[in-house]
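Some structures are shown below for you to check.
Look for chain A in each of the two complexes below; its partner is chain B in the first and chain C in the second.
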Partner chain A sequence: MPYNIAMVSDFFFPQPGGVESHIYQLSTKLIDRGHKVIIITHAYEGRTGVRYLTNGLKVYHVPFLVIYRESTMPTVFSFFPIFRNIIIREEIEIVHGHASLSSLCHEAILHARTMGLRTVFTDHSLFGFADAASILTNKLLKFTLSDVDHCIGVSHTCKENTVLRASLDPLMVSVIPNAVVAENFQPLALHKNSNSYPFAARPAPLPPQHLGPHDTITIVVISRLFYNKGTDLLIAALPRILAADPHVRFIIAGSGPKAIDLEQMLESRVLQDRVELLGPVRHEEVRDVMVRGHIYLHPSLTEAFGTVIVEAASCGLYVVCTRVGGIPEVLPPHMTTFAKPEEDDLVAATQKAIAALRANRIRTEGFHEQVKKMYSWTDVAERTERVYDGITGAISEEEFYGDVSGGGWSATRGRAGVQSFALIDRLKRYYGCGIWAGKLFCLCVIIDYLLFQLLEMLAPRANIDICRNWPKKAGKGERIDEEGDEATPLRMARSRASSRRKGRLR
Partner chain B sequence: MLTTRPHLTALRPSPTTVSYTVSTASRRETLPSQLLHHFLHSLRIVLGLATLAAVLAKFFDYLTYLPLSWSDYIDKAPWSRVGPLAFASFVLVFRRFHTEESLLILRSLGIQTSTLSPSYLLPSNTRFIPTSQIRDIFIHEAFKGFEVRYYLAVVVEGEGEVVVVFPNLLPGRAIVEEVWRGARECLYEPKA
Partner chain C sequence: MTPSQPSSAFLNISYSAHNKPPIPHRPFTDPNRLAPEDAIYASSSPRRQRRADHYLALDGEVAGENSSVKSIGSGRRRRGKDRGRSGSRRGKGVWKKLLWVKQKDYPDNYTDPPTFLSHLQRNPRLRPYDFWPLVADSTVIVQHISSVAIFVCSFVGIYQQRVSPVSVVSWGTVGSVLGWVLWDFWVRQEAASKAIAEPSNNYGDFMNGSAVSGASSPISSTALNPLSTPDSGIGLGLTLATSNLSSRKGHSHSYSGTSVSSGPSPTLSHHPSMNHLHGSAAAPNPTHLAHSRLATAKSALLIYIALLGLSPILKSLTESTSSDSIWAMTCWLMCINIFFFDYSGGVGVKFPASLSTNAALMASTVLASRLPSTTHVFSLTLFSIEVFGLFPVFRRHLRHFSWRGHLLLTLALVIGAGAGLGTTLSKKALWQGGWKRAVAGAIIWCLGSAVGMGGCSWWLIGLQRYKNVVIGPWDPARPVIRGGQWE
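And then the complex of A and B:
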């Protein structure tokens, strides 16, 4: 059953990043599965208005004031008129918000519930509970997630974190990991092969690499140089690793506020000839940097998922990483060595990894195929689709939530685990958010509801043009088979007519 | 009452010429609307003539001979008060309440866009684009105020910005698509 889905987040291209590419890849795969997907984000410099990306992915860059690190001003209600317009003209049924730091996403979920739509929220990051900023963010998250239909975390750690931060029923949080486009992260030999013999049915299995005791081992680090990415740990551990083994080199790519500290350390210890600093690299260049090394070192202090270590393993690198956040869930044990996030343990783990490589105890040549089997965006899209099925009631509660005796956990949950849209039920859910916050949130929801009624009067639905859909690709994918079925002649006729019309439009 | 939602009228005097007009003027299909229209027009004429008469009379000092109850008031009032009042009255008389925008397409010559001015006295705002300068005609969407609207635009060679057709009315998708198709058919000869 195809849905019309709107992905909402402050973070989208042209800005580079993990959330951005997650949204893009997921949307593309959902479109391939026959859904209609649009993306709503704020305007970036030189990019305002409506744009189309590959495969008819439509992006609305809503003009808004950006305050801090590409996040928009949290203006709760000012986004509603334009959001309502987009939702109606695109006939959206499900609103899917991404990233807990994006106020656009929170607002969209609130408004979507007011308009009576299903909502999903994907959390991409972990947060603490102690400092003032986290408390504020968590309160805001609790506000929006009080009335969301379903949540998605990128790892089990992320799920746990979200459940605690927003006091959610753990049943309504699913775990769907990130994925990588394995074709873009091929190990060196494989890549060469596929270039020279583009029509070869199957690349020959890689010859296992043999490293002697005096061969140079290159360790790659690609990360933004921030405190939370563990740059300080790297700065402390790096000279000790280099001192222990004279045949080790480092390649470090990335930029950030800690770059200065790193350079200072290199200069004071005179290690420039053994450590290569590349500065910022573009995402499509990451593979070319990775294949130059044997070990990927990931010293991060907090990480919800860590896509980069999957990319590294896909490139055939052995991974040394800290045991924090969602990282231990990501790769099987034979691809990784874990360390505690402290200097001594990280040095020891790296040395262990180097020794294992030199003893040829690790066969990295199979990593690529294994990662390819474990992580694919098609799989992510399928699992996300199941979440959509669950919240719209297309699959039953038992099937979606598993067999839970006692049924729904929350008193306000309606039929089949689907959150009721009635204003009074919604208010009940928000009221439980806190002594003061609960009342404040209720006030916000009531104002939002009144605003919605006002907009229905001022800008009636009848006056809003319904968008033309992007023509579906013919001759590929399962939807076409479905349309060939005699049971759906109406839809077939409709789609043929629309493709004819579109043909003239093009 | 006086205006409606934008509606389209197409005129095809010859196969190579077509004119599309989008207007908000009331279509006057029913008798009451026709009566209202005529009534408003007569009201305009009466108001216009009355204002003219009053101004002329005050100018030539004839007001004392006019048998009207307010002639005294106008006679005593200074020009600084009568002037603006008369001006406002004339603006109202010549005011056009509906908006009308049109697109005229002449094969091998070009296209002309025009917008009627809000007053019957001012000329309409037109622009002619010769065929040689037209790169493309397309439909796209854009943010306008608190909504997303469709618009029809012409890409003109050597200009950084496109020319939006029907820039004030911005009619809906159905109208825009019809005009777009007609314009393409008329502007470029159909393929054999």
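And then the complex of A and C:
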């Protein structure tokens, strides 16, 4: 059954990033599956009001004060009136929030529960428990997730983290990974082939590339140059890797505060001719950079999923990465070499990878097809749809949560397997958040409820227009380009016009 | 905890659980929930092995698995049956903690009890505090607070014209010189023992420093440092650290012009030290020592004269500010001094807690404007340099070299501070009956310190119960870099 879904997050295009493309791709695929999806985000510079993207994906850019790195000011209640308006206009049934640093998402989940809607939250990042910022974020997350119908983590590590941070029932958290648009990350030769044989079921297998002992091996690094992306490790390991093998080159793309350190190191060791610094590259150029190399080096110190290593593997690169966060779950062992986040181990792992490539023990030409089978947004959308089915009660509790032996009753879920909207039940859930926090959260919820009643009086539902839905595509027959239609995010600039052309008004 | 938050038990496990020996099979009280204990008790070596197998299993297909994984699967299934859960999943593939395998048999929210939270560690590096070591460590703080109190008392004495500023600074200087003599003795002793232990290293250091700089570097670098007054650990602590600096500066520093060995060529100048190190390593080169002492004395004299010249300026610097503001400001600056002081600093620290020292010196500068004459100002400022600049260095070294001396000094400081406070608070002079107040103050201050040290230590130990460090794969890894700059 089709749902009306609102994706809420502070992070959306035009800002580039992992969360942004996740939301976009998931929404597109859900629309393809017959649902209605809108996106609510804050207004970006030059992007305000309501916008339509490909497939009739409607984006509301709500005016909001941005305080830090595109996160809005947490105001708890001020978002409610406009949010309620949008929800009623669009007849939304499920509110799906993304990213734990987005206060817009947290507020939306709170208000949605007050309004009696189903809520889902997707966590995209890992947080520790030690520093002050994490403690604050975790408390806020606990507040929001005390009364959420279901959560989604992008990896099993992410799930564990979310469960611990928000004290959730592990069964309430699903693991649905990110995916890549494999078509946008094709290896060099395949790219040419696919143009000449567009209708071939499988492109002709690549001639296996053979590397001699003296052929140049290029190592690609594409990451923002931040501390937590492991740039210090890279700076320490890079000269040693280069010194050990005269036929190795580096291509480093990305910018950030550690770029100066990197440049200084290159200058002091006179390695400019063997290391190419590209600076920041746009997402659609990433593939063109990746296909120039043989090995992708990912020295990150923390990573919930690590989409970039999947993209690299899809481009046919052998991946050397640190064993941190969710990374060990992401790729099969024949595509990766893992290293501890230590300089020595990283150097050793890279040298092992170089040796393996030189000995032609790794057949990278099959990587693209394998990755394509592993991760696709269609699959992600299907699995997300199952979550929606579960929380709305479309599939039974037993099927969704497994065979519960404890008499079919759980404190977080009602008897029907879904969370009840009764204010007193909600207050019970919030009260357990902490001695002081619990009471504070209850107060917030009560105020939110009163605000909702006030809004119902001041701006009655009857006075809010229901907006017309974007006309759906006629049927399965027209969905020829299901995979191919996965537009790169950057193509969306002209999407409005093109989707107008595509759509036929009923 | 209300029933609505069942799994907040995740973070509320009692502290004592950590100390129990691992139990291999803990009965599951509730099949729906897992507690971190499950992870801890099960995270013994077989688990690790199993996980390794998971990651090593090359093919995604369940059929292609090796036997070890299969046996694990059967084991897990057995356990699953015991718990009366996931019985319907028997006969299906083994769940793996991987994302690239499509595990259609399991729902996305499937929680695998053996692997869920298996990497979670609670309080991994917990080192329970012992009472007496904690009390012993807190002596450092007591020392510093007492010396601040002594300084404040001295100021009040000078301000109320009960104590002659010259006598205060004279005693301070005598103490500093005595401290310097002691410190000099220790440093010589340590250098000798170090030279015995690792002559080659030391030799290398001397070579680097002296051969390149064209002057005997220990001297020149000491002379570079304006703060190297008597008993200045800062100045001499820099000996090795600045040898690179001096080598880069080359011949430009003419401070060392007075030293005899700077005239000759580099080779000549570094030969003596080499010979000396190879010959009698027990005692450092006497000429070196003499030079370093001379340089120290010289810079002490320099500071003395500079301070003498600056005193009138310092006196008038904040004269127009009202006294109330001065007292408030001093109060804050002293608090900054106490809170930002580097209590942990070892002997080798180059510039310990510059904020703290600067705050204290600024406080003394501000206070100086309340004093009636230039002599007063000069005395107070010099005294503050001695108390806040040099004394901490001496204390640090004393603690390093003689624990008994450290305790004696602590006692002396505490008694001194108490007596000073008592005298300050009494209206009478010490010899007119004020000594009673002084004794009372000393006793009260001593008792207060003892109770404070013991009480705070006990409190800290008590608070350890609430320590709950949760570490897992989600924490940013700490990169290990051989340069040692990131731990």
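Keep in mind that, in the parts below, the second predicted complex is superposed on the first by the 463 of 506 C-alpha atoms of A that agree within 3 Å, B and C clash if a C-alpha of one lies under 4 Å from a C-alpha of the other, contacts with A are read in each partner's own complex, and residues count from 1 in each chain.
Here is the rule we go by: contacts are C-beta pairs under 8 Å (C-beta built on N, C-alpha and C of every residue); 3 or more make two chains touch, one makes a residue touch a chain.
This structure is a prediction, so every number in the text was calculated from the model and none was measured.
Student: Will chain C clash with chain B on chain A after the two structures are superposed, or do they fit?
Tutor: fit
Student: Who does A:1 touch here: chain B (first), chain C (second), both, or neither?
Tutor: It touches nothing on chain B or chain C.
Student: Once the shared chain is lined up, is A:85 touching chain B (first), chain C (second), both, or neither of them?
Tutor: first
Student: With the two structures laid over each other on chain A, which partner does A:465 touch: chain B (first), chain C (second), both, or neither?
Tutor: first
Student: Hey, is it chain B or chain C that touches more of chain A?
Tutor: The larger set of chain A residues in touch belongs to C.
Student: Touch check for A:435: first (chain B), second (chain C), both, or neither?
Tutor: Touch partners of A:435: none, neither chain B nor chain C.
Student: Identify the partner contact of A:132: answer first if only chain B is touched, second if only chain C is, both if each is, neither if none is.
Tutor: Neither partner.
Student: Scan A:60 for contacts with chain B and chain C and give back first, second, both or neither.
Tutor: So A:60 only meets chain B here.
Student: Could you grab the smallest C-alpha gap between chain B and chain C in the overlay, to the nearest Å?
Tutor: Nearest C-alpha pair, chain B versus chain C: 35 Å apart.
Student: Show me the chain A residues, by the header's touch rule, that chain B contacts in one structure and chain C contacts in the other.
Tutor: Dual-contact residues (chain A): none.
Student: Show which residues of chain A lie in contact with chain B when the two form their complex.
Tutor: By the definition above, chain A touches chain B via 48-50, 60, 62-63, 81-82, 85-86, 89, 459, 463-468, 504-505.
Student: Which residues of chain C touch chain A once you look at their complex with the stated criterion?
Tutor: Against chain A, chain C makes touches at 1-8, 10-11, 30-34, 55-56, 58, 60, 84-88, 97-100, 102, 107-111, 115-117, 119-120, 469-470, 472-483, 486.
Student: Can you tell me which positions in chain A touch chain C when the two form their complex?
Tutor: Residues 126-130, 146, 150, 152, 155-158, 160-161, 163-164, 167-177, 228, 230, 232-233, 236, 301-302, 304-305, 322, 324-326, 328-334, 340-344, 374-375, 379, 383, 386-387, 400-406, 410-412, 425, 428-429, 431-433.
Student: Spell out the part of chain B that touches chain A in their complex, as residue ranges.
Tutor: Per the stated touch rule, the residues are 5, 140-143, 146-150, 172-174, 177, 181.
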